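Chain IDs A, B, C, D and E follow the sequence of writing; residue 1 opens each chain.
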Amino acid sequence: MNELVWIFVSALLINNFVLAYFLGLCPFLGVSGRLETSFRLGLATTFVLIVTALCAWFLNTYILIHAPYLRLICFIVVIASTVQFIEMAIKKLSPALFKALGIFLPLITTNCAILGLAIFATNRGYNLVEGLIFALGAGAGFTLAMVLMAGLREETELSDVPALMQGTALNLIIAGILSMAFMGFAGLFSST
Amino acid sequence: MWSMNPIRLLKGSFRHGVHPEGHKEQTADLPIQRVPFGSRYVMPLGQHIGAPAKPVVNVGQRLHRGQLIAEPGAFVSTCLHSPVTGRVVSIGPQRHIDGTFTRAIEIEADPFATQQLAPSPGLDWRSLDMVEFIDQVQQAGIVGMGGAAFPAHVKYSIPEGQQIAELLVNGAECEPYLTNDHRLMMERPGALLQGVGILLEKLGAKRATIGVEANKQEAIDILNDHLGPDQPIRVISLPVKYPQGAEKMLIKAVYGKEVPAGQLPRDIGVAVNNVGTVVAIADWFESRMPLIERVVTVSGPGAAYPANLIVPLGTPVREVLRFCGGLRPETREVVMGGPMMGSPIASLDVPVMKGTSGILAFTDSETARPREYPCIRCGRCLEACPYFLNPSRLARLARARMFTEMKAYRVTDCVECGSCTFACPSGIPIVQLIRAAKDNLAHEPRDQGAE
Amino acid sequence: MDMDKNLDTYQEFVKGIWRDNPVFVQVLGMCPMLAVTNSAVNALVMGGATLFVLMGSSFLVAALKQWIPKQVRISLYIIIIATFVTVADYSLLAMLPGVHKELGAFIPLIVANCMILGRQEAFASRHGIRFAVMDAAGMSLGFVLALFSLGSIREILGNGSLFNIPLFGETFEPWVIMILPPGGFITLGLILLFFNWVAARKKAFLEQVAQAERESL
Amino acid sequence: MNQRVELPTANQPSSTRLALSVALAGLISGIAIIGIYEATLPTITANKARQLREAVFKVLPGVSRMQQLGFVDGSLKPVDVPIEDLTLYGGYDNGGRFIGYAIPSDGPGFQDTIALLYGWLPREGRIVGMEILDSRETPGLGDKIYKDAVFVANFSALIPDPDIVTVKKGTRSAPNEVDAITGATISSKAVVRIINEGQARWRGKLPAPGQEPSLPDPAESPEAGPGSG
Amino acid sequence: MSRKDPDLLIQTTPVLRQGLTTPHAMRDVWLSLLPLVLAATWFFGIGALLLLSATIAGALMTEWVFTPEPRRRDVIRDQSGLLTGLLLGLTLPPGLPLWMAFLGGAAAIGLGKIIWGGLGNNLFNPALVGRAFLLGTFPIAMTTWSPAGGPGQLFEIQGSLFALPFQSPVYDAVSSATPLGLMKFEQQSTGLMRLMIGNTGGSLGETSGFLVLLGGLFLLLRRDFDWRIPAAIFASAALFSGLLHLVDPARYPGPLFTLFSGSLLFGAIYMATDPVTSPLSPRGAWIFGIGIGLLVVLIRNFGGLPEGVMYAILLMNAATPLIDRYTQPRVFGRKAGPG
């Protein structure tokens, strides 16, 4: 139980996928301009992360144990097709949800956080429950970082940011300060 | 029908707002004097909110005081009357308060006329039905005298199905320096109460409340003395706070109720009238005097001899000032109306109009704009805004020219009371930015799907 | 391809290094850029692996483009890239186990580096082998350059060394944050700021020149 | 890039052809991957085994041979494939005599999971060495858990009875106490906790002294069984 | 007409302004900090003044160098750079080398202010950005606390202050621990009286609870900050630490220790209330403060660090735009706020 809490908190705060592992930076720097969009992308990513964790566990347990060298290619193919499949399924089952998440799903395929999650979960030998908790924490952490970033960026639009700083340079430094603030979570719940 | 919130009654005011220094002591004790008639009068056709009035006189035509010179241009418009006995000199552009030109009727007073109104027994207002009453108010050219100059008859036109339960008389006079309402209440309490009586009966209201800020205790006492034993009229003393005179703030202060955004006081059963308006009603029905003169406070550090004056409409500001000693040489700005919401005038040639409550002269020490610092989001403007808007954000959005986004922050609810600019320690002209943004929004082509 | 006619081999090679630098100008491949640049060695190895993958897949894609059906091209690119990445992964694991351990999951994550897929889609699939390889070489060298400059700045300040060789002696106080995640973000942000500044200066200079020319006419 | 080359619609490939080309690509790629895997496997396995062996020999002084042991069906047996959480390494001297166990254990540290290996002499009830296998502790502070020789030396003679505890640097007085690293107390404590957890996990599962599994065949090379990494 | 008309200005109303200006508020803050500066000098010697000068110099020089010419005078005049340097200096350990302090001041202004577009545009408290940068950069020097001395050592300056740039400091005295460090790593509590007076180990300005409260009281009376923020921080920190203390008194310190130890008071009064980086609306201020209190208790009791005030405030700074967005005041006459 304690182990699970730590996995969750670690992925959410201490080793936040974006701010400590640098995963999912493309959407983090690219799509975080609007709060609404960021939140939805975060949710969609979390959903895909959870499905990926399931798939990764399944692949690891039943296929890759026999052919570890196929790991990468299996993961990437499975993730791409899962996202496609989810996209189609959502489109059919819930048009409203599709409208909310739809345009983000293709973006997620190229999000290295998804592949990263599968690889990390495998490297660390997580079982199914641990993998799911890890995915949940990572997704929540990604969403948290996205939403905070979007809030800050919307605010900077009203500021007189020097022309040289505008764009990615400022976003990276904001991310750096956020990452610095998240350093405060180091060691959380590990020292019992 | 009326459930009043006891807590609100205890507090007796609206939330937020600011406390500028009153500066009323300069004129509060000065009785109203009449300005002698001059030679030239200018009556702009659009001195009220709504469509400009249409002239019914010709150049060269002789006029007697109180004669109709322009009729309403629409329903939301009202009549104009000649303030003097004299002759129409011209009908054409004249300098307006902001320095632009506007169509006006120029009248030359007859230097030999007595300028007295023919005595009249008044009008039997009790026999009038509602339509006739409203027509009479429009005939008298009466508008809201607090500053907005909104035609009064429009206010009294209650749509089918609505009922006025409460008549609220606005004697708050929250703008600093101004004492014209104060003096009017002190010197003409009878006329005021008479007007209240007329409105109570005609609007079918059950009760009238005269709301007066506590810094006008003499006025409150005098009104109370004049009240009969069982008249449904009460006088309430309100804590001093700006902008209490804004009608929705006053309603909140007196009844503890908020008028929903986009609605009018009558939608919650209240009719609000300035004391000047009520006195004008009484004058029309009791002595058939249309709105041809009003009380104006001349004050401010730049005024040589502050005064409360009865000024015939159309009198150039220069004449009014000359009557009370002119301007001090250090004067830098002359404002028509109050120091918070009034308008600076570009020339002393502009005339006193129906909505002119004051002529205030300011010197360098008031008009020097404070050095502007960046907004540090201290939140004082939020604490000042009586509409609970976020002026800090609105100003930032306005600076970034993100006008459409400002709509989401309810910029359209802003009444431009200026409390935010007053309160801002960084010297940011917040309300000015908001005004400019609202202008921009008003002139932009209607974009689809905004708001 | 006829559009290759107006291409210049040298230009295609050089553009990726400076003018269209994938990191500093196009802001691509951020994840590995930041994650593995806490030392110059890691940065170089990562850069090398990326170079191998990009050049290999660009070559293959350009060579096979007639046989790649348009509808499934993305899937095929990914399969090609993933194959090269796996090859790089295992080779590094065999040859440089120490560095491989430090780079960890980021070697397989080269697959998700949008720069690589982007080059296939935007360039290799439309041009001849020679230009595709030149483009890939330029782009990956630009990437290596970016990784290396960030990696060496971070290592020099954060550890007082370059390629693990101490530079400042025993008493140097390392700036630990530089090799931690915030240091990566902030340093890259400052480098981009520097690039913006150079670009702005260059633009101002060119305008001045143009102005002078107009005046001399 | 707007210079898209439009393929003529006439030669629109059939779905069979599409599937075939993907399958073909997959096949070629599979072959390539298997090729590189087979080519590098011996080196990789050897590397891993060497690393493991070095670590085991480091935490168990005097050991020159090792064997992977797993807790299967209630007893400790040599295993080829590691058993999750219940794998350790037996260390033997040149003559094949059992000396001690090298026990892997991991748990949360200050930043991320710390994985370590420690040497345990069951007969003497002593811990004789500790080696950090993997950690992401703060450079300059937390990384002293493996860079600071003084701290590592704490673990060369520890009697974990009762559980090991960290004490402030310089105040170590009992055989179950470890001097914490100044400024990196959390990392120091994490190492101690991870060892204590390892001890707790194996409590009651290790055979009585003298009955440890012996090397099946003294001639067999030490790197029996693939390393677990 | 006997006299010429004056040249009339046409400036829109309101003509009147409230007297208070931003530099006034800034001056109030540094006035209220003076007792803390004196106390720091008393406890840690005149080295404290050197350290404060170094941070201020770092801050002001960075501000001067990176502000374009026309605005330079303004940014110096508004005193915010001075204040940032002073506040940063007061959060540093007394033995920190001066070059690090200078670098911290530069980072505070550079990363915390200039890149955002200057005063009013920054979204994180600049002083805390500088401190977080220093703590991440020099974790050892930033957590080596020299013991509080007395008047006898007033003119003794610690040698570590004069470490050469880029070189590690050498400490001459035995380092002490902060009350929080003692609590976290050795389960030793420090008496309330000492926490109030301030003769404990710790950052220059944070040790004396009494003087910090005094400064806060001054600012409160001058209405220079939003009282809700410190109130919410104190209430939530006291509440959450109190609950934990009830669960296990041996392990979790009680509310009083939580409030008076470390930089909670200093942070709550001087850092969290920075108007630029805290929410505008009253409701937002409450949420902001409660969040800080909660995070402080979380980090102190469950995290790896003994102190978490700085991180808690920075994290809530990051959340401020979101808080602001969802706590817009309800507009008069409407059911809900905008946004």
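Here is the rule we go by: a contact is a pair of C-beta atoms (placed from the backbone, for glycine too) under 8 Å apart; a residue touches a chain by one contact, two chains touch by 3 or more.
Remember, predicted model here, so these are calculated numbers, not experimental data.
Student: Tell me, which chains sit next to both subunit A and subunit D?
Tutor: Both subunit A and subunit D are touched by C, E, going by the contact rule given at the top.
Student: Looking at C-D and B-E, which pair shares more C-beta contacts?
Tutor: Comparing C-D with B-E, the pair joined by more C-beta contacts is B-E.
Student: Farthest from subunit D by Cα centre, which chain is it? Let me know.
Tutor: So the chain farthest away from subunit D turns out to be B.
Student: Which chain has its C-alpha centroid farthest away from the centroid of subunit E?
Tutor: It is B.
Student: With centres defined from CA atoms, tell me which chain sits nearest the overall protein centre.
Tutor: So the chain nearest the centre of the shown protein is E.
Student: Would you mind pulling out the distance in Å between where the CA atoms of subunit C average out and where those of subunit E do?
Tutor: 41
Student: Report, in whole Å, the distance between the mean C-alpha point of subunit A and the mean C-alpha point of subunit B.
Tutor: About 60 Å separates the centre of subunit A from that of subunit B.
Student: Using Cα averages as centroids, what's the distance between subunit B and subunit D in whole Å?
Tutor: Centre-to-centre distance between subunit B and subunit D: 85 Å.
Student: Which whole number of Å gives the spacing of the CA centres of subunit A and subunit C?
Tutor: The computed centroid separation for subunit A versus subunit C comes out at 23 Å.
Student: Mind pulling the residue numbers of subunit E that touch at least two other chains?
Tutor: In subunit E, the residues touching two or more other chains are 111, 115, 118, 120-121, 133, 136, 139, 304.
Student: Give the residues of subunit B that touch two or more other chains, as numbers and ranges in rising order.
Tutor: Subunit B, residues with two or more chain partners: 393.
Student: Can you pull out the residues of subunit A that are in contact with at least two other chains?
Tutor: In subunit A, 69, 73, 165, 170, 173, 176-177, 180, 183, 186-187, 189-191 touch at least two other chains.
Student: Write out all the pairs of touching chains, ordered by chain label.
Tutor: A-B, A-C, A-D, A-E, B-E, C-D, C-E, D-E
Student: Under the stated contact criterion, what part of subunit C meets subunit D in this complex?
Tutor: 1, 3, 67-72, 75-76, 79-80, 82-83, 86-87, 90-91, 93-95, 97, 101, 122, 126, 158-159, 174, 176, 179-180
Student: So in the complex, the part of subunit D that touches subunit C is made up of which residues?
Tutor: Within the complex, subunit D touches subunit C at residues 1, 3, 5, 7, 13, 17-18, 21-22, 25-26, 28-29, 32-33, 36-37, 39-40, 43-44, 47-48, 51, 134, 138-141.
Student: Where on subunit A is subunit B touching in the complex?
Tutor: Subunit A residues touching subunit B: 157-158.
Student: Under the stated contact criterion, what part of subunit A meets subunit E in this complex?
Tutor: 35, 147-148, 151-152, 154-156, 159-162, 165, 170, 173-174, 176-178, 180-191
Student: Which residues, counting only subunit B, touch subunit E once they are in their complex?
Tutor: It comes out as residues 18, 20-21, 98-99, 176, 248, 252, 258-263, 318, 326-327, 329, 331-335, 337-348, 360, 362, 366-367, 369-371, 373-380, 382, 386-390, 392-393, 408-410, 413, 418, 421-427, 429, 431-432, 435.
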